[in-house]
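For reference, chains read A, B, C and D in written order, and residue numbers begin at 1 within each chain.
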Amino acid sequence: MKKITIILLLILLSAPFMAAQETNEETPFYACDLSLYDSPNDEGVNVELEFTPGNTAAEVPQYAIDLYIDGAFSNTIMVKNAGALFLHTIPVDKSGTLVRAEVFAYDAQGQRQGPIVVKEATSAAQWYFSDRLGAFIWSLAFIGLIMVLIRKAKRGQEIFIRRIAGLEAIDDAVGRATEMGRPVYYIPGTSVIDDIATLASLNILRPVAQQVATYETPFSVPIQDPVVLTVAQDVVKEAYMAAGRADLHDEGMVYLASVGQFAYAAAVNGAMVREKPATVFLLGMFWAESLMLAETANTVGAIQIAGTDSTSQLPFFIAACDYTLIGEELYAASAYLSREPLLLGTLKAQDIIKGAVIISLVLAIVLMLFGSDFIMRIFLQ
Amino acid sequence: MKTPWYEKIMSLDKKVLYVIMFVVVMIPLLARWTYNPAVMPEVKDIYDEIEGIYTYNQSHPDTPQGILLSFDYSPSTNAELDPMTMSVLRHAFMRRIPVITWAAFPDSIDLAKNITTFIAKEYGAVYGKDFVFMGYPYPMTAAVIAFGSDVRNFLVKDFYGNLSTALPLLNKIYNYKSIGLIVTVSGTSYPRFWVTYANTLYGKKIATGTTAVSAAEFYPFLQTDQMIGMMGGLRGAAEYEKLVQALETQVIGEDIGSYLRNLYNDAPEGVWDTKIYTPGFSEEELQSHLSTRMSARTGMASQASAHFYVIFLIILANLGFFLSRRAENKR
Amino acid sequence: MMLFWYTIAVLLSLAIFSFLWKDNPLYKFAEHLFVGTMVGYQVVMVFSQIIMRKIVDPITVAFDNSQILTLISLVFATLIGLLFLARFSRKAEWVSRYPISITVGFWSGYAIVASFKTSVLTQIRGTVVDDLGQPLLNGHLIGDFFKNPSLKTLDLATAGPLLVFGVIVVLVYFFFSVKHDHPIIKFANKPALFYLMIGFGASFGYTFMGRISLFIGRMNFIFNEWWPLFKQTIGG
Amino acid sequence: MEGVNLMKRTLPLFLAFFFGLIGIIVQMVPALKGLLDTMLDWMAIIAAFALAVGISSLTRHHMTKIRRKHKDIFFSYVTFIAMFFMTIIGLVGYFRPEGALQGLFENMYNYVRVPLDASMFALLAFYITSAAYRAFRARTWLATVLLLAGVIVMVGRVAFGPFIIFNDITAWIMKVPTTAAMRAVNVGIGLGIVATSIKIVLGIERSYLGGGE
């Protein structure tokens, strides 16, 4: 009772001075919406700030946000009241940093009021990308399945693989070059080694080189990227040795034609017109140069066996080449050609995962018809 | 035995195809044929939006709305995209709408600067008052968000090193409130980025100019009104160019040549900063200013004749194919 | 001076175009010049962007600030890179396999989760719902068509289902380890090829326009940039 | 012999496995962004040295021509001169950015490299014509579908007046069947990439090391 009296007295006394503030306490005049939170999916060096003004620009033309990092004042951000959401990312040095934001309002007279809102947040490092978790689990399942199927394949279980026309044609295409006494060209795409398509192509290069070595046909592998060059040199050399024709191997077969896609295309087009290969392999990742190489090969009368995982270049290969490996057929080629049980096992695993993906697609669609996004959340996240 | 004609056309020498192709593309280009496109609604929408800004500015002379034009393309796609930026700038300068331009990539800085001043000069636009060029804002996301509050804090200086706070235009137009339209011209997926930030966060109107190849990617945004309009490829550029030329005839008159020649005749000294451009046109400059007024439509004429040439070839090849197959069946 | 460089650009362009007629010394010259210039340019880029910016500068900084770990990391990477030079010796050639297997291994591991997410899950998601989160198989839209049959409502009602059907049949078409006479494969075969051929034909036709623009762009350079400059310089 | 084999075969396979694991981890763990940055720097540094191998290969290719007195011997010299010229002016320009050579380097870039690039690219206008002429023939029902889709879209791209209907058909073709086909192909490619990557990390696929056992 005594306390209340004192408070009442105090309020009465201060009333003339604090009239403005008093109304504030009931329904605060200055308003804004501030949220401060740790940035998701990072190593803990950012805190996100979202700020929406709550007053009109006439009432509060400008806000100021004071930032404190681990208790020490860092800087002030001035925000013009545009009536719109203001986003800011606050960089900090390390994870576990405490960030405090205090919002002040500048009234029409330019007086600083507040702090009207204070918020805190601690930056934190995340241990996994929440949005990549689904893909990670699928990949783990894929790896497990490959292990199981490889074991089966090692025990000698037959694995059926359908016919892939483009790969069946390799034999004839190399044979044709031999008969005509003209060279075989192998172009492993124009990308770098980071591109898995390049690796897939280098995996096909080995059996092709072996074939060429056995038939004693001239061989040429022009390359665009130095790292790919070193790998391709090894592949071709070992293939010639495996075919027992190390004597035919020449270091100059695999060479750097040029760097840069169009300079490469210019050089290879020139080489093709001059040497008139009978067979040209275009396997790997291509960009706009795909059609230049394919058309020039056609002009000199070569059979072209093409394959790429670039969907934008596939139409050109389909139109201009004799045989085309579409997308995943390129990746399946090394298993198909070698018939090695280990590789065939992974191909089977790939089909099973694909089946699972199709089934989840169908289930997700059916469940969506009933308004449930269960599959979407769990399997297709 | 003589080969019948239909067998011959099935295996025409490529050289013949190439030479005819060359001729087919060159004739419209040299003869300055222009293709007269039907204007698609998505292109007309951009035009109407800018006209809307003009009407608004007429009634609000002290608080005008401006246009932010972002050069989101590098020189490799300039054949299709230059005519778009030129037409949009012509439209804006003709209507005295304040223009802010910038370049999204380091190698588009020169291109953006050249085109902006090239067009500004045609209408005697004054740097700092009628237009500003902000160079290459980096990082782009931050710059786009900075426009939500006050871009002068983020881009402290313009491309030429002037303080942003010293430019009259930027003191009037420094955030999205006074930007009537954002135009992004790009051969990349940058328009998507503009939609995400400027449209979704700030509700700004976005108009896009894009290459023929990327146009399909952005149609869904038109349907949902996240973009108010789109110019797709050379054709979209030709449509806009046509609209702008019609407007120019109405505002300035038929004879653009003598308009340009007389533009700086009794111009006062010191209005135009010679660091930006020198007033007056040489005859050669005049020619290029005139020819860029129809470059999309002459390009489009070549484009259309190339398309019809190829379709003609395809029909020819199929005719040959059918006739030879019929002859074979008879045998 | 400007004219000199512009003229070189025009002559080189014409030399490249001459290849369409037949291989000739002009093209050969442009081609070999192109190769040499590009490789030289690459050397400069590798030197300035990698050797200087990623090796020399950071090592200097790390050395000055005695950041031992950074220093070790950089020196180690450089040593691995230097192993490529083992290629020049016949005996130690195999040592260059180390940098190769490190690069190949890292990029392969790096690709696994990323590819699964972007190429598989995101694409499949896009087949269930569209950009705005609406299901592609949408009963309402089909209902709308029956209420108000027109081309527009027909398109809206069928676009989703046709897309979903297409994705599934094409996916099935590429199964490797299922025999051809399997009923599902047999069923999917024709529609899948139909979708694929439309897709490839349309993409081809669609790109055609852009490719012509490139040539027009070159010709514009010659006639609208070089020629006026040439006239101006020679005439004046 | 055992030891050499270990060094030649097993260690590279182990390195691929080890760094493959790192690749997976940095892809999944945001907290290890620092490691990711380090690895990306490493990859750039390592790849830079391969250029030496590349240049030696290019040099050998042209030296062979010169030694054999090939009829194109002159052009091989062109390549060499261009390469050394570009390298020298570029490197000198790097150390003296204000000097004349830097300007020359930029001019070489803008007026030699850029037009050559653009002209090669522009050749596609011709190649795409001859490819269309050859491929778009109604040989089988499949080829007919390819042909029709191609022609409709080509007309649709430049349609005017009464042909404007082709525009709508084009939009539909691109939106429905083309998206479906490309999407399915992409999914297959994604699975192929994942499978190939797993094979490499696990050491099942070893052709890139020359192959064999």
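Things worth noting here:
Here is the rule we use: a residue touches a chain if its C-beta (ideal position, glycine included) is under 8 Å from a C-beta of that chain, and two chains touch if they have at least 3 such contacts.
Bear in mind that the values here come from a model prediction, so they are computed numbers and not experimental data.
Chains making contact with subunit B as well as with subunit D: A, C.
Ranking all chains by how far their C-alpha centres lie from the centre of subunit A, first place goes to B. Comparing chain C-alpha centroids with the centroid of the full set of protein C-alpha atoms picks out C as the closest.
Each chain gets a centre from the mean of its Cα atoms; for subunit B and subunit C, those two points are 25 Å apart.
As a whole-number value, the distance joining the C-alpha centres of subunit A and subunit C reads 13 Å. For this pair, subunit A with subunit D, the centres built from the Cα atoms lie 16 Å apart. Centre-to-centre separation between subunit A and subunit B, using Cα means, comes to 31 Å. Residue numbers of subunit D whose C-beta contacts span two or more other chains: 24, 27-28, 43, 47, 50-55, 58, 72, 114, 116, 118, 120-121, 123-126, 128, 130, 132, 134, 136, 146-147, 150-151, 154, 157-158, 174-175, 182, 185-189, 191, 193-194, 196-198, 200, 208-210.
Shared interface positions of subunit A, defined as residues touching 2 or more other chains, are 132, 136, 139, 142, 193-194, 196, 199, 227, 230-231, 233-234, 256-260, 262-263, 266, 274, 311, 314, 316, 318-319, 326-328, 332, 347, 350, 354, 357. Shown for subunit C are the residues that touch two or more other chains, namely 16, 19-20, 22, 28, 30-31, 34-35, 37-39, 41-42, 84, 87, 96-97, 100, 103-104, 107-108, 111-116, 120, 124, 127, 164, 167-168, 171, 174, 196, 199-201, 203-204, 206-209, 212, 214-215, 217. If each chain is drawn as a node and touching chains are joined, the picture has every node linked to every other.
Looking at the complex, you find that subunit C touches subunit D at residues 5-6, 8-10, 12-13, 16-17, 19-20, 28-44, 46-48, 50-52, 54-55, 73-74, 77-78, 80-85, 87-88, 94, 96-116, 118-120, 123-124, 126-127, 155, 159, 162-171, 174, 193-209, 211-212, 214-215, 217-218, 221. Listing the residues of subunit A that touch subunit D in their complex gives 41-45, 95, 125-129, 132, 136, 139, 142-143, 146, 150, 192-194, 196-197, 199-200, 202-203, 205-206, 223, 225-227, 229-231, 233-235, 237-239, 242, 251-252, 254-260, 262-263, 265-266, 274, 288-289, 291-292, 294-295, 298, 309, 311, 314, 316, 318-320, 326-328, 330-332, 334, 342-343, 346-347, 349-350, 353-354, 357.
Listed in rising order, the residues of subunit A touching subunit C in the complex are 131-132, 134-136, 138-139, 142, 159-162, 193-194, 196, 199, 227, 230-231, 233-234, 256-260, 262-263, 266-267, 269-270, 273-274, 311-312, 314-316, 318-319, 326-329, 332, 347-348, 350-351, 354-355, 357-358, 360-362, 364-365, 368-369, 376, 380-381. Across the complex, subunit B meets subunit D through its residues 12, 14, 17-18, 21-22, 25, 35-38, 75-76, 212, 216, 219, 233, 235, 300, 303-304, 306-311, 313-314, 317-318, 321-322.
The touching residues of subunit B, counted against subunit C in their complex, run 15, 18, 25-26, 29-30, 78-80, 211-213, 216, 220, 224, 233-235, 282, 284, 287-288, 291-292, 295, 299, 302-303, 306-307, 310.
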